[in-house]
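The following pair of complexes shares a single chain, subunit A, combined with subunit B in the former and subunit C in the latter.
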Partner chain A sequence: MGILLKEVSFGYGDKRILDKVSLAVREKEHIGILGCSGGGKSTLLKLLSGLYTVKEGYCEVEGETKPEGIRKQVAMVMQTPGVFPLSIRENITCGHPISEEKVWEAVQAAQLEEWVRSLPEGLDSLVEERGSNLSGGQAQRIAIARAIAKDAPVVLLDEPTSALDGETADALLRAMEPLTKGKTVIHVTHREETIQGYDRILVLREGKLFEKESL
Partner chain B sequence: MRRVFQLFQNRKRAVCFTLLCCMGSVLSSLFWNKELAVLIDRVQEGNGLYREGVVRCSIYLIWAALFHGGMQFLSAYTGEYAVHDLRMSLAKVTMKREYGEVARENGSEPVSVLQNEMEDINRYVSENLFTLCTTVISFILTLLFLLTQNVRLTIFYLLPVAGLALYTTVSGKVIYRYTKIEQEQQKKMNGITGVLLNVFPIVRIFEAERLLEKRYQSRIAGWNDAVVAQERVKARLMSVSGMLSCIPLVLLMSAGGSMILKGSLSIGTLYAFVNLSGNVSGVMINISVHLANFRRFCGNLERVRECLQEKGDWDHGDFTERG
Partner chain C sequence: MRKSLCNVFRRLGGGCTYCFLLVLRCPVDTVFCIINAVFLRKAFQSIEEGDSAGLLFTCAGFGVANFCLFLYNGTMWGKFAVFSARFVGKLKQFLFDTMLKLPFEQIEEKTTGGWLTRLNSDVTMTLNLLTGALNLPHLVFSTVRIAVTSLIFGKISPLLLTVELVILVPHTFFRQWFVVRPMERLMKESQEKMEHAAVYLESTVECGDTIRLYGAEELLLERYRANSLFLVKFRLRSNIRKTIGEFLQLLLNRGGYLLLFCLGCEMIHAGKLDFGTLTEAFQYRSGMLAGTMMWLNSYAEVRKNSVGLRRMEEIYGTENGR
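So, the complex of A and B:
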């Protein structure tokens, strides 16, 4: 089993965001989750990525139940790319011993190769604070390359194209194909067209998860 | 300079009264010193105090107290109202804008920069601007006073001050360069802290804590080196400056002393010189600091003006409404 959630509830203070959510995702299954803003989509991903600890219910990701273990099993691309003011290489490897070849593979898969090769310092070019010297698409591609380089069995996508214009968003979705191929994927979004072709589409409404067909 | 006049154009009367009080306060100090010189000379000649002298001293003391108090009050009042006018002008320009535009900018970096500029203007106006006016007035009037007392002694003790002023200017520039490096390093260090908060989830998921910690440590080390270099240079240059600043006084005492021995200068006048010399030499030595602060203030005003012009119109804003 890739991911297993059993009656997971979560909230901030008195406000309940997720209410007894249950979900079973097979290995390599692609799940799209639709929902409006504030519906709990991002909270669900934070639980699945081990950023939040499940206090009510049960959560298992690739056989791991503790947040530290879960974090090792997932790679995530968020709405804001979250780039570090370090070199492109460090942004991709995050300081882990990843070979040059693997880094270039990730760069190529994220469709960054042409741009990186055009830079005088290549992979060692510095990214400025908050990615101010990058376009939104370039920053997000670096985030994708980082996720590819991690090579985790589970990929979580938190509206990665929502801050981009239509053309860039389409190109980015294509760049994400190598990231999601052969992985268990949970993609939360409010735009259904970005999760076309997924194995299952679920809807998160008022803290509860439904199969789209059942609505 | 135009921007400074613009800032105070609604408070012309208050500015005039403040400047008059500054002049009155400086004049009272000069007359007081003149009277002290006469008293010292009389005592040195073996004559006692005289009634007119005591009455004049009392008048000067009351005069000084009144004008100094008035100056303090008026400078604070004028400064506060001038900055208030500027704030109100900014508020009016903001009120005229679209709600969405204002809401988008709320809490953003340009707004925070603008607030910092306003804070700097407020601080300079309340702490430095009228002090600078008093210093300039005091410099001019004291120099004229000293020249009327003894031209040779005045020129003799002020000549090396020009060299000192040059040294202060050059050392100020060197310190400024180091300060800028230190500020840049601090900005980089703060940048990493800001980034840590911003990308915290990514750091956790991709286990980048060690990488960022390493980078943060290297930035702290960079900042630490910059601070040490800055303080070292500052200490060296300032200690030399402190030593050199004694030269005018030494010259004044030696030249004044020999003039007294020759009978061309009285002890009372030398006392007045020693008492007032700082009003002239101090300003000359620190002229670069005063100018740098004033230029920074003008820069703050200019940036606020640019911001107001972008969002409204400074030249047709609140500043001209009260005339």
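So, the complex of A and C:
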């Protein structure tokens, strides 16, 4: 089993965001989750990525139940890409010993190669604070390359194209294909067209998950 | 720096009050030195002449003069403190207002750490420059003190003044070269490193989720450590320079005193001076020396803190610029 959630509830203070959510995802299955803003999609992904601790219910990702263990099994591309004021290489490897070849593979897969090769310092070019010297698409591609380089069995996508224009968003979705190929994927979005062709589509509404067909 | 000072006062006002307070506080150190010198001369002369009434009158006069000076000095520093508190509030508000009115691309040009440094440590540096101890006020006070005490010292004995200057002038240049200039360079570098450290801290907060998910804690911590290590090295280097400065000061003070004392004794033997006048001369020499040291230390601090003033100009623009 890739991911198993059993009656997971979560809230901030008195406000309940997720209410007894259950979900079973097979290995290499691609799941799309639709939901409106503030519906708890990002919270669900934070629980699944081990960033939040499950206090009510049961969560298992690739056999791991503790947040530290879960985080090792998961790569995530978020709505706002977190880029550090370090080099492109360090943004991709995050300080882990990843070979030059693997870094270039990730750069190529994320469709960053042409741009990186055009930079005078290539992979060692510095990213400025908050990625101010990058376009939205470039920053998101760095986040994708980072996720590819991590090579985790589970990939979580939290509306990675929501802040981009249509053309860039389409190109980015193509760039994500190598990241999601052969992996267990959960992609949350409010745009159904971005998750067409997925194995299952679920809807998150008022803190509960439904199969789309059942609505 | 003068232009930067005029610029900040032109924009915030208070320049005239500041100059007025400086002028009012100016004579205190010099008057204190003169009171001491005159007291010692008169006291020793009264002792030599066996005039106990004269000695009593001198001591009473000394007490009253010191008390008045103490009151005056306290009042002046109090006024300075009020001025400082108001000025720093105005300066921060002004910087914040100016920042908000800047074109957005200009705000984006600088890192958050850069802006925070300008709003905090650069403002503190400017405040120190204008009102802090051993800064601009003391630079002015010591200039007056050196001028007046050296004039009186020279009037008492041109020979002793010449000897003192022969020691003091090379010392001043040596100190400038080995202490003041390197300290200034170190200070600028440390401010830049502090900015970088703030950027890493901010990224750690902003990208906390990415850092945890990808295990990048060690990488960012390592960068932050490298910056902190530089700051430690800066403090070490800075302390070494300060120690060199203090050693030179001690050498000048004690060595010069011995030399002048020997010369003074010769002059007393030759009947050119009495003991009271020699003691008075030493008081002026001390005033001159203390004034010089104060001037040098204040000058170093002024140069160091003016970096903050100049960096702030990047926000509100120079006098001729924006």
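Going forward, the second predicted complex is superposed on the first by the 215 of 215 C-alpha atoms of A that agree within 3 Å, B and C clash if a C-alpha of one lies under 4 Å from a C-alpha of the other, contacts with A are read in each partner's own complex, and residues count from 1 in each chain.
The working rule: a residue touches a chain if its C-beta (ideal position, glycine included) is under 8 Å from a C-beta of that chain, and two chains touch if they have at least 3 such contacts.
Predicted, not measured: the structure shown is a model, and the values here were computed from it.
**Q** Subunit A superposed: clash or fit between subunit B and subunit C?
**A** clash
**Q** Considering only the touch criterion stated at the top, classify A:Gly82 as touching first (subunit B), second (subunit C), both, or neither.
**A** Both partners, subunit B and subunit C.
**Q** Per the contact definition in the header, classify A:Leu4: touching subunit B only (first), subunit C only (second), both, or neither.
**A** It touches nothing on subunit B or subunit C.
**Q** Scan A:Ser132 for contacts with subunit B and subunit C and give back first, second, both or neither.
**A** Second partner only.
**Q** Is A:Arg146 in contact with subunit B, with subunit C, with both, or with neither (first, second, both, neither)?
**A** Once the two structures are laid over each other on A, A:Arg146 reaches both partners.
**Q** Going by the contact rule set out at the top, does A:Cys94 touch subunit B (first), subunit C (second), both, or neither?
**A** After superposition on chain A, A:Cys94 lies in contact with both partners, subunit B and subunit C.
**Q** Run through 73-81, 109-117 or 145-153 for subunit B and report the one that clashes with subunit C in the overlay.
**A** 109-117
**Q** Mind sorting out which residues of subunit A both subunit B and subunit C touch, each in its own complex?
**A** Correct list for subunit A: 46, 49-51, 71-72, 74-76, 78, 82-86, 90, 94-96, 129-130, 143, 146, 150.
**Q** Tell me, which parts of subunit B touch subunit A in their complex?
**A** Residues 191-192, 194-195, 198-199, 201-202, 204-208, 210-212, 214-215 of subunit B touch subunit A in their complex.
**Q** Inside the complex, what are the residues of subunit C that reach subunit A?
**A** Counting only subunit C, the residues touching subunit A are 108, 111-113, 199-200, 202-203, 206-207, 209-216, 218-220, 222-223.
**Q** Which residues of subunit A touch subunit C in their complex?
**A** 46, 49-51, 71-72, 74-76, 78, 81-86, 90, 94-96, 128-130, 132, 143, 146, 150
**Q** Touching subunit B in the complex: which residues of subunit A?
**A** Against subunit B, the touching part of subunit A is residues 46, 49-51, 71-72, 74-76, 78, 82-86, 90, 94-96, 129-130, 143, 146, 150.
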